[in-house]
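What follows is a set of structures to go through.
Each of the next two complexes has chain A plus one more chain, namely chain B in the first and chain C in the second.
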Partner chain A sequence: MTDPLARRLRAVVREAGIGVALLLVVAFFALFAPGFLGETNLSNILTQVTINLILATGMTFAILIGGIDLSVGAVMALCAVVGGTVMQAPFLPPWAAVCAGIAASLAVGMVAGALNGAISALWGIPSFIVTLGMLNVARGSALEVTDARSIYDFPDAFLAFGSAHLFGLPLMFLLALGLLAFGWVVLTRTVFGRMIYAIGNNEEAVRLSGHRTLRVRVAAFTITGLCVGIAAMVYVTRLSIANPILGVGFELNAIAAVIIGGTSLSGGRGSLFGTLLGAIVIGVLGNGLVLMGMSDFSRQIVTGAVIILAVVLDSYRARLSAAG
Partner chain B sequence: MLELDGLTKRFPGVLALDGVSLSIAGGEMHALAGENGAGKSSLIRLLAGIHRPDAGTMRLGGAPYAPSVPLDAIRAGLRVVHQELNLLPALSVAENLLFERLPRRAGLLDRRRLDERARALLASVGLDGLDPRRRVETLGIAQCQLIEIARAVGGGETEGRVLILDEPTATLTPRESARLFELIERLRARGMTMIYVSHHLAEIFALCDRVSVLRNGRLVETRPTAQTDASGLIRAMLGRALAAQEAAAGHLRPPPDASRPPALELRGVRPRAAPSAPRQVAGERPGGIDLVLRHGEIVGIAGLVGAGRTELLRAIFGADGRAPGTMLRDGHEVRIAAPSDATRQGIGLLTEDRKREGLVLPMSAAINTSLAALRRIARAGILRPAAERAACMEQAGRLSTRLSGPGQKVVELSGGNQQKVVLAKWLLAGTRVLMLDEPTRGIDVGAKAEIHDLLDRLAASGHALLVVSSELPELMRLCDRIEVMSRGRIAGSLERAEFSEERILELAYRGFVDPRTSGAGP
Partner chain C sequence: MDRRLFLGSCVGMGSLLLPRPLRAAPGAAGAGRPKIGLVMKSLANEFFKDMQEGAVAYAGKRGDFDLLAVGIQSETDIDGQIAAVETLVARGISGLVIAPADSRALVPPVARAMRAGIKVINIDVAFDPQALARHHVDIAFVGPDNRAGARMSGEVLAHALGQGGKVAIVEGNPGAENGAQRKLGFMDAIGAGGLTLLDSRTAHWETEEANTVFSNMLTAHPDIQGVMAANDSMALGVVKAIEASGARGRIKVVSFDNIPAIRPLLKDGEVLATVDQFGSQLAAAGLDNVLKELAGQNLTGWIRTPLKLVTGRDVA
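After this line comes the complex of A and B, so read on.
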């Protein structure tokens, strides 16, 4: 790979691979899935993608720094029930209750994320293990807080967000997009973002260059948790319900979006733009297969196969760049 | 028993072994001596089947011997006890001892037979009382060493005929060493052929029949130990031709600035224990290390591998947490508990292993260059890519680093250019006290001279440099003063006028020559 042109071509294929895959999937469903290209359906897809997109944005930070967060689904349930409970406080005017509820949800997410990051960084425990524990802690807490009951009856103003549209697009999707764009700027244009990539590649070299890598690690996981708190509120406003068993398995969809988007599971390489495409691919797959009349079970099989394919491609890509 | 003929091994950039021929008789105890990097380890790796020779042949017990994997060597009856232990800490003593030939019954592990055989093996190395079911990680290092040997001489069909011991006493106390020597005598009485590698010259004279000296990959001499002595051996290891060859070159720097307080001063700093430091007896407090480094001065730290040189640099840098003792920077006491404290004081560390600890290999030269200087490159936490690229190219120009551009990944660079990127990182960060651990290891001759010149210029412009190197000519070329470490202490200090390889080596071996006074300092 000494030829710069060949190298650039290969780099383009590497970066564009997921985009090409998305186009192929869309073209396939446009041809074979009835009603796929209808305006309502496309809007539906965006709505369905929104929560996973927000979670995957946060997950990208955890994975880029060389970790992973398996607790996002459970923490999301805890955020939702805590936020929902606060929102029903009888002594507050509705607008204040809504603000307090959202703040509580974000705070719960950030605390859980910070704990994940701090515990794994301080004691050198793989975040895989720590967040697996946090998954159970958060799920159990959510059940305790609610006594395993669901929470309904939220202020109308809050629920209105869930169905609101702006420029013909779901407002919540635009929020997710804005969050992703902000995250992209943080990752590519700030010292903090640089630290995340560098630590993901070689933490010891970064530490021995005089950086406090522990703080960066905690901050990265806190961002993951912040995104979980946001996703929880989006969930509640859309479905008008907060229950302690929501979000089961959401972490896997988020991880899948990040990996399909080309971010390396071992950290240090990838981008939020890839995550965006990855989340849309997963959303489009799910939607299109339903339109084609495929059963719930078969859809799971196909989605799983796509995830495996993406990881295989990732390892192939890693070998490509190692050779280059 | 063992015959080597014209063994040659080339690694990229170095001729590790150059036509080594040697014949070792059955039942002989043969010592290998030589400086760090003389080729001892390469020779052992060839014998053990870890590497294959580029040229030359070996014969073992009269038959051609060409191991291509370590198992071939084991099958042929040649076992190596490596310097770093190769035991599996979570498994039991018995499982470790018999790992290659676990007794089975109907496909299952036969625990009873396993323990029986293990007990017999343990008895053969004088560890009669040890429970074979104990997990290896609960044992002391000396016991592990003996277990390694028991495994190597082990019974069964693969009984060892040739045993190679690589620095077996490096981590042992004198009493533990004495026990090892007894074992060696017993093995010799059984007719075992042994090759013994050690820095401890006294051990070589006490134990071995003959000694071969390697220097720069060549076999310099082989003679009976009765016909030579310690100073003769050191002379042979050095080679006269080398001494003071480069020492006269250069050194036109102005003298260090004595008017200012030292750039760095250590008082009683105690790094983590060096691998070869004598283990502490309870209640005994070692003295720690005193050192003065002035602005414009290059101080070298010499010593054998494991003498504690890297540990000292890491202690100053706070790489393993705060080291006990006092550190002064420009005359003010500073507290350094982490690398971030050190860099804030203008202290930098160029590590021994630049790929793992110095560089973020898959990232660009620009990113690596700015890694310690992001506060300068960024404004309010926002990166300025143009400024970053400019800084990278400016440093590359200053160090004549060959880059295709600031975006080139450092993994693609040669060793010399990688090292220059690490240097650029510290220079851009405004480092005033730069510590360098083996700065020219694995770097070709041309780049090496460039780095030497650069270090000269840095000192001339007032930087204070602390250089660790295993290459004595390099230290003698660069330094104003050389501190020689031996077993975790500073054994002596030499001013430029006193530099000679013999003096340095003599100090480095102090603490090794007589086991009873080992580690007693100057």
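After this line comes the complex of A and C, so read on.
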């Protein structure tokens, strides 16, 4: 158990599992879904997974530490409408308004995340229930702030980001990838990151060994919230609209990406690389099945079945790697 | 046990007998004015928000009845809406205006309310005729013809593309009656205009999903020339997908609802047409008709409310 090489090997096996699944899905669609491998289509898929990938990156932190965040969809709506409102401030020059809007969105996300983490840590309440409460607080606030109306008409300079490409890839996807890479470094190369895994494995042990777990928990959920704030701005720049009912159910897609990516729902085990693959699997399925001409209802069935299958396979891999 | 409720004396209407409400204390109805319940769908939706504000304004203008307006959590919160009806009955309403979340599930509680002597007017989405027959009630429906509206919008697209134009439909929630009616209207326009339907998929009324679903449809059918979206929120996502694919100007869009956010796109010609069903006046029209019933008229059938085709010319 303590041999670092064996541990790394097991981690590779774990991530290879979902990688193999992704390759199979891609190969299947390459054969049966006309136009799947087209350059535009691949770029479309990356655009389509971007928001979920950013949310799932944040969600990975919450799940690794042994929690969950059900509020991300609703907090995302709140971030989008607050950021959007600030961005329309008439007294600011466009560039300053854009910066202020983005800052507001990130701040709202971080505050919501910090509250989630602090409340669940201070009173020892499962984050499941705290974030369920936050879901309603955030959705209600988003409706209150906007009086249930959509916000549109943002500075052109901001909207240009949404469709920009760099090296042939969607700029927003590259941003998501950069965020994920940064998160990966934090999780694997810093003391803070190791603490997240340790708390996810056995919080009591970490506490008894003299570490303060409260701060780590608050920080982990704040990172989740930061990602939500970023995802909200990506949403607005891509669709030029911020509406208080956006993002319903987005938390479930993010959780699915994290779990398909091999991260354990009970915390302490998993990686952001898996989350990347998990998010892409979900995006590829949504895309490929439409290209094949599958009906909406069947598509829903297949997507659900694949999620279950991926987690079943993952349980086998976990047992294998524990035995080996 | 019966209690007399008077309509505003200035209107000079008659009075009617009603059973005593379950909880309201005798004489609780302010100055003998009738209480009218308004049950809507989710107030988180701009359309119902407008509708509620229109109703409040109408009640303020008339001043001869008390309005008790309630919304529900989400468009599909059927339980919540049934509970809302029962609560209003318990609060002693004499008239009820309802936009049902489900055209069948809401019939039994509404039929119970009618047996208790409450006058009911159905707005927005019509109750299922068979369900009404089964519960031996006849409720007048005050609302727009979604099918005819969608057909008007679809015909603008048919006219722009000409015979043989290739189109796709982006549908509303499967199971939503107005979504189903709008799809039928689009199909009417496709049939009448000799268009070819390449694909039809739901995006659950949602901008982001419409954006994703439509860019995938476009990959599967690169020859799409026109899109019919069942609401404006989805049209916004469709337009963004068209822009991202570089097909701006080549693919034409028509839609439904006339929300403020669609207006810049109508102006630019990115969306050819949408349909306004005057949501803010819909609840007011329902209230107007329920007051007529309380005054002794017996209304049945479909009282159509106006629809207006909105194009770039209207927003210039």
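Just so it is clear, the second predicted complex is superposed on the first by the 300 of 324 C-alpha atoms of A that agree within 3 Å, B and C clash if a C-alpha of one lies under 4 Å from a C-alpha of the other, contacts with A are read in each partner's own complex, and residues count from 1 in each chain.
What we mean here is this: a residue touches a chain if its C-beta (ideal position, glycine included) is under 8 Å from a C-beta of that chain, and two chains touch if they have at least 3 such contacts.
All of these numbers come straight from a predicted model, not from anything done at the bench.
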| item | value |
| --- | --- |
| Joint occupancy of chain A by chain B and chain C, clash or fit | fit |
| First (chain B), second (chain C), both or neither touched by A:304 | neither |
| Chain A-centred angle between chain C and chain B, computed on Cα centres after superposition, in steps of 10 ° | 120 |
| First (chain B), second (chain C), both or neither touched by A:94 | neither |
| Chain B versus chain C as contact partner of A:178, first or second or both or neither | neither |
| Dominant toucher of chain A (residue count), chain B or chain C | C |
| First, second, both or neither for A:201, with chain B first and chain C second | first |
| Which of chain B and chain C A:126 touches, first, second, both or neither | neither |
| Which superposed partner A:38 touches (first chain B, second chain C, both, neither) | second |
| Least Cα gap, in Å, left between chain B and chain C after the two complexes are fitted on chain A | 28 |
| Chain C residues touching chain A - in the complex, by the definition given at the top | 43-46, 49, 174, 199, 201-202, 206-208, 211-213, 215-217, 219-220, 222, 233, 236-237, 240, 243-245, 259-261, 264 |
| Partner chain C, residues of chain A touching it in the complex | 34-35, 38, 40-41, 44, 47-48, 51, 139, 143, 147-150, 152-153, 162-163, 235, 238-241, 243-246, 248, 286-287, 290-291, 293, 296-297 |
| Sites on chain A touched by chain B in the complex | 189-194, 197-198, 201-202, 204-212, 268-269, 321 |
| Residues of chain B touching chain A in the complex | 317, 319, 338-340, 342-344, 349, 351, 356-363, 367, 371-372, 374, 378, 381-383, 425, 429 |
